[in-house]
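You will see chain A twice below: alongside chain B first, and alongside chain C after that.
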Partner chain A sequence: MSTNQPLPRIAVHSLTGCAGELLVILENLDKLLPFVHVTSFPFAQGKNEIRPVDITFVEGSVSQPHDLEKLTELRANTRWLVAVGNCAVWGCVQRAGCNHCSVQKMIDAVYGTNSPIEALPAAPLDHYVPVDVKLSGCPIDATQFLAVTANLLRDHLPYVTHKPVCLECKLKENGCVLIEKNLPCLGPVTAAGCGALCPSVGAACYGCWGPCEEPQMEAMATILSEKGYQLDEVLGRLQAFGAPKELFVRLEKS
Partner chain B sequence: MGNSEKKRIEIPEICRVEGHSAVYVEIDQGKVTNVQLDVFEGTRFFEQIVIGHHFEEIPHITSRVCAICSSGHVLAAINAIEHILGFHPNTTVSLFRELLHLGMVIESHATHICALALPDFLNIPDLMEFASAHKEEFSTWTILRNLGSAIQTTVGGRAFHPVNMHVGGISRCPSGDELKPLLEKLSFAQQKAIDLCSLLMQFQPKVRRTTEPTFLALIPNKGKYGFFGDTVKSSDGWEQSIQNYRDYLSEKSVPYSHAKQSKGRGKPLMVGSMARLALFHDLLDGQAKHIYQSSPLASGDTNTILNNLAQAIEVVHAIERAQEIIRVLQEVEEPQFAHPEITKLKPIAGSGSGAVECPRGTLYHYYDIDEAGKILQADMVTPSAQNTARIELDIREVVDQTLGKTSDQLEGNLETLIRAYDPCNTCATHMVSVNYL
Partner chain C sequence: MDICYKFSKESFLDFFKLMQSFGQVHAPVRVSEQSFSFRPVEKPEQIAFEALRTILPPKKMFFPQRETLISYSGKEVKDHTPEPLAQVLFGVHPCDLAGLGIMDNIFSAGPPDSHYLARRQATLVVGLSCMPDKHCFCNSMGTDFPHSAYDIFLTDIGEDYYLQIATTLGEKLFDPKPDFIKTIDDQDNQSYKDFWTNRDKAFTSNFKSDNLKQIFDLEKDNPVWEELGKRCLSCGNCTPVCPTCYCFDVIDVASLDGNSGSREREWDSCQFTGFAKVSGDFNFRPGPVDRLKFWYRHKLHGFDDSYGLKTCVGCGRCTVSCPADIDDIVGVVLRLQASQNESKKDESA
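After this line comes the complex of A and B, so read on.
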């Protein structure tokens, strides 16, 4: 690497989430440090500057006005904006919560009716600003994260797969837990990337990566109802990790 | 500074803590009149999110409260639900759960001590400088953190948000062969953890609170130092079952913060490593015991900053205990590993609580389940919520002492003080909807 060229600058920030992506990035930082300058990463370092950077990684959903202000400022100061983790890409469990209960009702229940606490219905980043790369996961997969970053450092928009988990599961030659053990595996409608972690230990995929491309929700619901699951439980499971309501319009009518 | 002057100290964003928080201190007539720890992390309303879901889904959902203590949220949920359903896991499952938990303790403590707390003592401004100018400490952190994540990956299926731990057991038991590399990693990391304790003992805390805290922690099972139990003990001399935690823990929301504050029988509490060591150091053994005995903690020093050292001692303990557990698990007959250690539990309507000692202190989960196994009501009390009132009191005491003196270091020192609690704001904002006491 040429020494007089300034290093590309990166920033790592979080909105409302569990800090999982911050941890994955922190844990893999030793691999990145030779190639980038970390301009800001408030979770991990004391000295942070807001200035134009090449890549900004943002974890978490937009869940309050403060998140939105921060996101807008980050977007204005970055060339590439990468949404990392299910919260930033889909809205994760907090979006599912907002689907079945209004934010105001939740605030009233938790903080009392006259609370000054401000909250917005949990939403992914692209509801508010353009996002260049969406890297889902709960948490993100370290290998995928490093590959995406390497691509961006080479000025190249990476391809991130959204094929179903079943694909990775078959490649691993796992026995199918949906068919052989009658477990409520959501692999057929969940985006791959984890390497089919749950079926590989004999458990059902519960959808933590968010929906795959063109998810066949009706077919999935039919299989699960044949296995004895009631429709409301099926809908609860399918939506638990941020799958948008639009995917369930037909199912909810039935 | 004149006495009649009003002054306000503001730290708008505390860096190197989990989540987002700020501190405001108001001073009037030479006295601290107000201290506010404002947690402005967005709220995710977990107690509402879980409602209507089947109990089998709950550990996977509550895991997402917080990544760094996800194994704790998984186990607290499992404990509560298995308690309601009257299920007792067998020894193999219990040992795997304990091993998973120890992996979390090692990883969480190592990251807090090295990456979040140490930079204050070694004057490290950013990560680049940490990696290049403090190679030794950076490598200690890497080794310990990788160890914690290797344990959690082997047992739980990934470094956090475990996929292998369920209500009713574990879906796949790692084999003796898979556990073996962990033993090598553990014995290699042990000396690093001991050295970390020595390093921390060299630092003189720059600030000091002036009153003794009230400590609260779970009485560990089986008379051994540990992180699981059913009854809490207070340094004020009382004990109580966690099933009745509402009787001793009060919670209130404060208008300036998204996090609620808890008190124990009306008093600010300190939970976490220092509390556990203060109450149960007698139960330590091995190297951890020796280090404890040679530390200022053994002579009764309760300076907040020593919580960093207390965490390091717990890392040594966790490494020793993990080796013990793995040796026992290696003895378990191989054929047993071929079958998943999981029992499908039938729903029973009822309610109950589960608790674990997370890295930062006692974590409580409570659920009310209907006869179909769906969640009707839930409650979680996190360690950070229990510590908040004591953090504010610490800040008040430290600022009070510096009034009248010139101190350009005050804000930095306050941050160091707050960081020693290892506050986890993503946890703290998932507070309850019930107002009790």
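After this line comes the complex of A and C, so read on.
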């Protein structure tokens, strides 16, 4: 890279989320700083400009009108929009909750009737704007985040795995908690990237990275119900992290 | 013809030390209540002699789960062909030896895989006899007896191990012959034969394999497949645990400076929906049924190529590793064969 060239510009923003992604990015910012100029990152720095940038990382779901305004403005000012974390990619627990009841009822219950609070049904970024790269996680994996950034800095669309957690678990040669302990492990239907964190310590995967590519939800429900888990419990687990309702149409009919 | 000796089980420590003189010993170790894994060991007490099948088969020693193939820095490209230290793989059962033999053929066929072969050539393989459990069906696949791929093989003949040496690599280990190694007599040969005869009688699950190719051709639309496909999670557990599944993905890993990076390979699985996806978003094995049938066919029929090699060795790993219980190969083959017999009856009626 020529030293005369200005550094590529990045922006890091949050909508409705827990800031987990922001923390991972902050922790790894020293690795990025030699190669990028951080135009805005309100969580980490005082001076922030909204101006055209090369890459914008957005965490959190769109859950309020001002989330949507912010997202629209960020999209208009970036070449690459990267959704980071389960909230931005799938909608996470906010969306799972909203899938079950009306937003107005929730506002009334939490803030009382006639409150000035405005809310939207929680949704991932791609419900409103085109998203170039989706990097799920809860929170995201630092290695994947750096790899995605490295590729985008060269204008390459990065490879993000959508294979199931079971692959990472088997490659680590863990005993299977679904088979050996009859735990309700969602590894078969959950996207990898975490390194099979929970099964590696003997716990069931609870699906926090969202669904893998074409998850076999009905088969998963069948196998869990054969192990004695009730269908509503199974559905609750499968949907807890915002997996879209379309994946469960056949299952809910059964 | 193997050179044969014996040694007392009480002298196993001497044998272990001999293996250590060759290199780091890897042997089955218990990793959970039901599972074992080939791991480096420093003393015989660590070895789980009772292990029938490890979670991952011996292939991981030569074709690791993930490895760097090449890396670059500036214009320099570095080849990562390993220069492995000598090592010993102890406790390999006949089915796994057969699997290793198949992998040796596949990875040495042109162009040879330098990474696999470098590790393979640095390894002394010590086989060990076993008694089958209810999931073993190597006798159906003709892989129940050590034929090749081992340097040394031990058969449990009671108080002693009957020792077969098959290669010059193995011979060198016993030159000069250590004191604990004893010559064999007719009685020992008889004990050896008795062991294998008793072992043959111990199988509880098996099928006739002479019509496997025909079965898989003729029963390709059998309702069994839809039934299994509906239960399939597409989790891919059946392939990493298979001694002869060799598919991998290649991933280029860029670095932030834009000036260096590496090319990695990682085990992949034909059971993942993305495996057979091609440009245009077309997938020639779109559903779990297609993928499962493809895998069964490769294992028990072989690809439709000039080799037509059946690659199942009857170890039973897929059967015990499938959360949906659909890799019950013995059960599936018996059902397909039963359908064949039904249709034959119909014809003769």
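Keep in mind that, in the parts below, the second predicted complex is superposed on the first by the 253 of 254 C-alpha atoms of A that agree within 3 Å, B and C clash if a C-alpha of one lies under 4 Å from a C-alpha of the other, contacts with A are read in each partner's own complex, and residues count from 1 in each chain.
Keep in mind that, in the parts below, contacts are C-beta pairs under 8 Å (C-beta built on N, C-alpha and C of every residue); 3 or more make two chains touch, one makes a residue touch a chain.
What you see is a predicted model, and the numbers here were worked out from it, not measured in a lab.
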Simultaneous placement of chain C and chain B on chain A, clash or fit: fit
Residues of chain A touched, compared between chain B and chain C (which is higher): B
Partner chain(s) touched by A:Leu171 [first = chain B, second = chain C, both, neither]: second
Touching partner for A:Ile179 - first (chain B), second (chain C), both, neither: second
Touching partner for A:Gly242 - first (chain B), second (chain C), both, neither: neither
Touching partner for A:Lys31 - first (chain B), second (chain C), both, neither: second
Chain B versus chain C as contact partner of A:Gly210, first or second or both or neither: neither
Partner chain(s) touched by A:Gly193 [first = chain B, second = chain C, both, neither]: neither
Where chain B and chain C come nearest after superposition, their Cα distance in Å: 10
Touching both chain B and chain C, residues of chain A: none
Touching residues on chain A, where the partner in the complex is chain C: 1, 31-32, 34-35, 146-147, 149-151, 153-154, 156, 159, 162-164, 166-167, 170-171, 173-176, 178-180, 187-189, 213-216, 218-220, 222-223
Chain A residues touching chain B - in the complex, by the definition given at the top: 14-20, 22-24, 26-27, 29-30, 33, 37-38, 41-48, 60-61, 63-64, 66-67, 92-94, 96-97, 100-101, 106-107, 109-112, 115-117, 119, 122, 138-139, 194, 197-198, 200-203, 206, 208, 232-233, 236-237, 240
Chain B to chain A touching residues, read off their complex: 13, 15-20, 40-49, 51-54, 57, 60-61, 64-68, 70, 111, 115-116, 119, 124-128, 130-131, 138, 142, 145, 149, 157-161, 163-164, 166, 171-172, 253, 255, 258, 340, 374, 426, 431-433
Complex interface listing, chain C residues touching chain A: 31-35, 37, 55-56, 60, 65-66, 230-237, 240-241, 251-259, 261, 266-269, 272-274, 288, 320-321, 323-324
